[in-house]
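Note that the chains are named A, B, C, D, E and F in the order they appear, and that numbering of residues resets to 1 at the start of each chain.
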Amino acid sequence: MTQNIPGLPLLLMAPIVEQALREDLGIGGDLTTIATIPEDLVSSADLVARQEGIIAGLDLAELTFRAVDPLITFERWVTDGDAVSKGTKVAHIKGPARGLLTGERVALNFLGRLSGIATLTHKFAKAVADLPTQIACTRKTTPTLRSLEKQAVRVGGGVNHRYALDDAILIKDNHIAMNGSLSGAVKSAKAFAGHMTKIEVEVDTLDQLREVMEIGVDAVLLDNMAPETLKEAVKIVAGRAITEASGGVNLSTIRAIAEAGVDMISIGALTHSAPNFDIAMDFAG
Amino acid sequence: MTQNIPGLPLLLMAPIVEQALREDLGIGGDLTTIATIPEDLVSSADLVARQEGIIAGLDLAELTFRAVDPLITFERWVTDGDAVSKGTKVAHIKGPARGLLTGERVALNFLGRLSGIATLTHKFAKAVADLPTQIACTRKTTPTLRSLEKQAVRVGGGVNHRYALDDAILIKDNHIAMNGSLSGAVKSAKAFAGHMTKIEVEVDTLDQLREVMEIGVDAVLLDNMAPETLKEAVKIVAGRAITEASGGVNLSTIRAIAEAGVDMISIGALTHSAPNFDIAMDFAG
Amino acid sequence: MTQNIPGLPLLLMAPIVEQALREDLGIGGDLTTIATIPEDLVSSADLVARQEGIIAGLDLAELTFRAVDPLITFERWVTDGDAVSKGTKVAHIKGPARGLLTGERVALNFLGRLSGIATLTHKFAKAVADLPTQIACTRKTTPTLRSLEKQAVRVGGGVNHRYALDDAILIKDNHIAMNGSLSGAVKSAKAFAGHMTKIEVEVDTLDQLREVMEIGVDAVLLDNMAPETLKEAVKIVAGRAITEASGGVNLSTIRAIAEAGVDMISIGALTHSAPNFDIAMDFAG
Amino acid sequence: MTQNIPGLPLLLMAPIVEQALREDLGIGGDLTTIATIPEDLVSSADLVARQEGIIAGLDLAELTFRAVDPLITFERWVTDGDAVSKGTKVAHIKGPARGLLTGERVALNFLGRLSGIATLTHKFAKAVADLPTQIACTRKTTPTLRSLEKQAVRVGGGVNHRYALDDAILIKDNHIAMNGSLSGAVKSAKAFAGHMTKIEVEVDTLDQLREVMEIGVDAVLLDNMAPETLKEAVKIVAGRAITEASGGVNLSTIRAIAEAGVDMISIGALTHSAPNFDIAMDFAG
Amino acid sequence: MTQNIPGLPLLLMAPIVEQALREDLGIGGDLTTIATIPEDLVSSADLVARQEGIIAGLDLAELTFRAVDPLITFERWVTDGDAVSKGTKVAHIKGPARGLLTGERVALNFLGRLSGIATLTHKFAKAVADLPTQIACTRKTTPTLRSLEKQAVRVGGGVNHRYALDDAILIKDNHIAMNGSLSGAVKSAKAFAGHMTKIEVEVDTLDQLREVMEIGVDAVLLDNMAPETLKEAVKIVAGRAITEASGGVNLSTIRAIAEAGVDMISIGALTHSAPNFDIAMDFAG
Amino acid sequence: MTQNIPGLPLLLMAPIVEQALREDLGIGGDLTTIATIPEDLVSSADLVARQEGIIAGLDLAELTFRAVDPLITFERWVTDGDAVSKGTKVAHIKGPARGLLTGERVALNFLGRLSGIATLTHKFAKAVADLPTQIACTRKTTPTLRSLEKQAVRVGGGVNHRYALDDAILIKDNHIAMNGSLSGAVKSAKAFAGHMTKIEVEVDTLDQLREVMEIGVDAVLLDNMAPETLKEAVKIVAGRAITEASGGVNLSTIRAIAEAGVDMISIGALTHSAPNFDIAMDFAG
């Protein structure tokens, strides 16, 4: 397999693939396939898109089939990030028929989820493609699959926000509430942060924003503000920090939000509510 | 914690919770919280529904906070399966403020996904509540989270189909295609199956159905059939097998499908496309 | 390696092999072999049966040697399920001498246990080979090795009962005792069970059997009944459920039990008390 | 739990217990118990010996029940190493009925195997109790369970041979064959061994024994020698090394072997062929 | 245990402690302690510094003893970060004597390594305490222990550089060499980096520095420059980026380097070459 | 890869390598490399010693690069145990440039630590090379890396003491203190020890030594004795046990200690305080 998805090494994918397969194999393995398919039968199949969208997760699908049976070959007709139509043959797999059938569901589960994320990300990204605003994901990812889902967002044309709690500081409403002071929290963070750690602060009002900008931070998260307020906020920031909007973002609202001039729009739905991408395995001979 | 979700022992949940937290903590832990919250601050918060629906995953949320800090207490105002409205306080958590903030996102990620599944399942189940037809999930679950998602379906009022490839035989289109003979595949399966293993066969046409029923199986999966065809199919089966419909099921079509008289309707979307349930953690003092 | 044991994917075997080898290697590795065998010595050996019986576990033995040193080749003279005599050469292994010696004990431990199970299963199965009765194993398996042992039972000519607690319902004496009502327990189970889950009930008396059959279940476990009582039970069931006998089964009693007309005889001893199969590794040059 | 088995820390037992339970729980958990037992039912049961013998594995049984439900209490009427009769109540367990039933089989599987080993070891040890000869186990243990089985041998009155390949040097027939020279192999081992590592050599003939004793080692393994030959061997060794007999050892032959004057008799069957100890869980109210 | 080391949750420490203990326990456990100490003996001991320095790793030591035996209590006389002298009692532990002895070495190994790192860090930090320059660690940590070692650096008064490859961009000499162009590499990084990801570039010469500053980055790593060159570099940067010096840093040179005006000095030796801190466990009754 | 380090099988190394890489990759992978290096660029580099010393850990380095990208080739110019000078090219690696850069730090971290240990061990061993005294390591190893570090000691010319608590008995001061009697502890140990387990006792005074020698043990650990006292001790022992000195050993004192005639000198610093060996990866085209 060529490791052609930037940023997702084999070592991060393989254990997830194995965990998914063990979950499906149980103790006794694939009874249906053992019962109905001769051991020495060689067969082939196509992975075929049943809808249009952006493909992501081909590495996972390939790893799945190869973990089931190393004799299976996996030929890609498209690569991650390619747009496909309903009916597009995405990949051709060939090898022991039992392995093809045993790996089918897990491989499709990976492709369905990750292509779903890439496809939804792409829709948002496309809606603002002519503007400088970027589309970002959040930490609202599926537990245990964050590395895969962050990658699918990149594949779909989005950018990644924090990977984990240790790679940047993002002071949110509850931090401020529990700390008791917006300025106090921001100043503590600035004193604590390492030189390679950026600091972002979530604000709900322009007053909060002004308070933050007086101290100075790397980025501000403008939460649930109307486009007009966002415009005002962008003016207040005046290039001194990155501006990120979040809250109430959907395909109807994103254009207005972006036009308010923010640098980033972050959308939890990219990873927590992307509908599954419809893809199937069709017998090919 | 009371282990009050039938069927999901602590032992199946704990490793997933720990994996999710490690994914979020990285090497350095929660920098924001360390930087902004005094170590000895005790605080409390509420988990509050932001939409109406069915709650699922409270055990996971509780396990998450306790894995972060065993001193956190988790008081439930509702239990899994309860219907909530926008604004319902679902649980009250109290303890070291740092732990509350560090566990927040992972706990909400579990609750959002699982309550989303329970809520969607409930919608389908409610739509046919006056009919004998049951709503079932499939193996189209999120890789590594099948046990949790199957449980959320039960919580929402659905029933579980196979858990894994080794607990029942389900002969699908690709098995038939690769075997080359519908009857051959079914007969092989009957010869192979242990006495505690049920056999189901997917059919696309009434002719296939008649062929299967001549041999006899425990259940038939009627794939992508129109309600009229389903009615015909139910007549052909005539109580000799369980009838399960799948394909093209949504909230507009389910009623007609159920009224065709099938015993079960299985829906992949319950687990692969349920939108996240909106729930948040609000500072309480 | 050809994956020629139906139902036991590499993915289920490899972690057990690695765990077994790590248990044997400790921190320092195989001191004896390092001390006495030159690093570049290539050698070969035969795995030789020291008794007659049925071979099982060749995949495990091969995986063991290859995990120790991928350069070792493993040539099989027989396949799992073959009957061998004392002195039969089962496999020929060749490669770095150190690897052959380091892997020897773990490989033989797998072959000894699994061939022991296959051999004992075969004795029972042969005793009733002319009758329709099948020989089944139970959940009385060695902790952590259930998948391997269930497979060895299949290899020896037996069939598998439940793999795990989630793939069928088997209401046993303690369930009935704690529930307080035989009928109550059975009815609860029928209400709960998914459409792909079979239900079996253990009964100790014909009265209990009649009570169960009035409700109707998929199978009945007739525990510790004398052959005459079993005959009576089979009559009562009259083909409406699968009949399984258990308790007091040994090679002297099995014939009479089978002749009583039960469909299955389940035997815990297949997996919990099978004597080790005697097999050794002989230097071959 | 009191950690009262010398030498087997919680840390070595807990992962095996969890692995065994997960193997049994699958994805869906204990369907039978969920279906038939109310969630809030508290019950109690006794673990009762169904045969006479030596109990081993109580820690494992207790850990099993507590891993299923921490609310279960486990009261011991006997301790590991105690002799019991048919009908002896070994332990009393009390707590949520579901947990008792879900843990039953795994707990009994541990007790059955480990008490079986202790019981068989005890029979051999008792047969030579008036002689100085000790009974030892080998590395012919069940893959993944060596620590538990070695412990059960100690509990039954035997002593442990090597735990793993790195804690002593034992030059066996195949080492000599592949090395090509008995003396050469022994001399290499003496040059290599650390100062805390003992060296033992397996010999088949008295000539080999003399060759070894000229070089000098810590122990000799006298393989498959008749009692008269063993006596001769003991004379040749003359207290300069520990003498260990192996091969052809059973309850009929052990007395004669021990009377030949060897220090140790090692028996693979202790761990690889001990019949399961019959023990059950009986409902107590 | 109070979780009083900011940033190192239990969840990151516990698996490392368990891995370390299993490594030391082998299959048979602590033979010496079992052999020489009665099971019911309760005893106590002090952890006593044998040199002056800064203590780090008390959580690890406590977790070690509690993993061996939960009955052991661990009372701290100092906390992580405290300066101690030769003879300072660091902690008092009390409980089952066997547990105290079995946990001793692993607990001391953690304390020795982590206090060694904290002590060395403190020496460097103290040397420049009156200057604004900060002392930072690198990714030259012990494989598998990075989280602990990064934490020990913080405890000793240093700050953390990147935790992992995914939390900041640091373009080093080999990246530039393989890319072929300094400017090209920096520009690619700027185009790729997410909005929360800082970018640092390593430069060896002032010319390289000027080239980088024309493009603009968050930080520059001034590698192996003499104090005079560093001064020049600081002037060139002129506050537009964080300046970090590395290479040739030791306790004799650090003062001059810091006085050159750099913001940070990073030192691989903090984690890869800190001498062990001498600490012992003394019997206390 | 040739498995040419006696005693360290692939199976013990691979999980540590993977753990180290995952620790460095985080969720997002190597951002710097992805950002600056084209995916299809092939490059090569040399691992070059920056100081003189003894190389150890080449297997780990090779495994690291291959785990990152199996297409990377690793050509060794030296083997473990070879002495190198500043500038010696140790290995040549070639393959996808991204993989070379992503694996660089982890590979160097292994080589730096293990070559550091081998180099320090070699210095001690060389200092007494003309004497029969051997240099041994202790259990003062880095938690989780004991197998690698013990191996590096062997590579450097030292010998290994105990690997773990279960492979020999070493009665230390705290065992004696808690037991309450030196003789009592030694006698208990002799009664308990298996026939393949050596017994060593730590003594602080010649009186203690005489007390131990009256009972008889395999080895004595003479702790913190001056060379003259050691000489006296060696006389008292008179060849009846192995004599091991420890405490206060450094390169200035070792000669005198060895000349006192002890068989072994054990040094914790070999593994707990060896300075990192300076080695770098240089771009080669």
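Note that in this section a contact is a pair of C-beta atoms (placed from the backbone, for glycine too) under 8 Å apart; a residue touches a chain by one contact, two chains touch by 3 or more.
Predicted, not measured: the structure shown is a model, and the values here were computed from it.
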item	value
Result of counting contacting C-beta pairs for D-F and C-E, higher pair	D-F
Same or different residue numbers at the chain E/chain F copy interface, by half rule	same
Chain pair equivalent in interface to B-E, over half of contacts matched, among A-D, D-E or A-B	D-E
Centroid spacing, where centroids are CA-atom means, of chain C and chain D in whole angstrom	22
Centroid distance [mean C-alpha coordinates] between chain C and chain B, Å	33
Between chain F and chain B, distance of the C-alpha-averaged centres to the nearest whole Å	51
Centre-to-centre distance between chain F and chain C (centres being mean Cα positions), rounded to whole Å	44
Sites on chain E at which at least two other chains make contact	23, 25-31, 34, 102, 146-147, 160, 163-164, 166-168, 170, 197
Arrangement of touching chains [line / ring / star / complete / other]	complete
Chain A-touching residues of chain E, taken from the complex the two chains share	134, 136, 159-164, 166-168, 170, 194-198, 200, 218-219, 242, 244, 263-264
Sites on chain A touched by chain D in the complex	23, 26-27
Touching residues on chain A, where the partner in the complex is chain F	3-4, 6-12, 146-147, 150, 160, 163-164, 167
Contacting residues of chain C [partner chain F, same complex]	18, 21-22, 25-31, 34, 39, 67-69, 96, 102
Touch list for chain B against partner chain A, complex	16-17, 19-20, 23-37, 41, 43, 45, 97, 100-102, 104-106, 108-110, 112-113, 116, 139-147, 163-175, 177-179, 185, 188-189, 191-193, 197, 268-269, 272-273, 275-276, 281-283
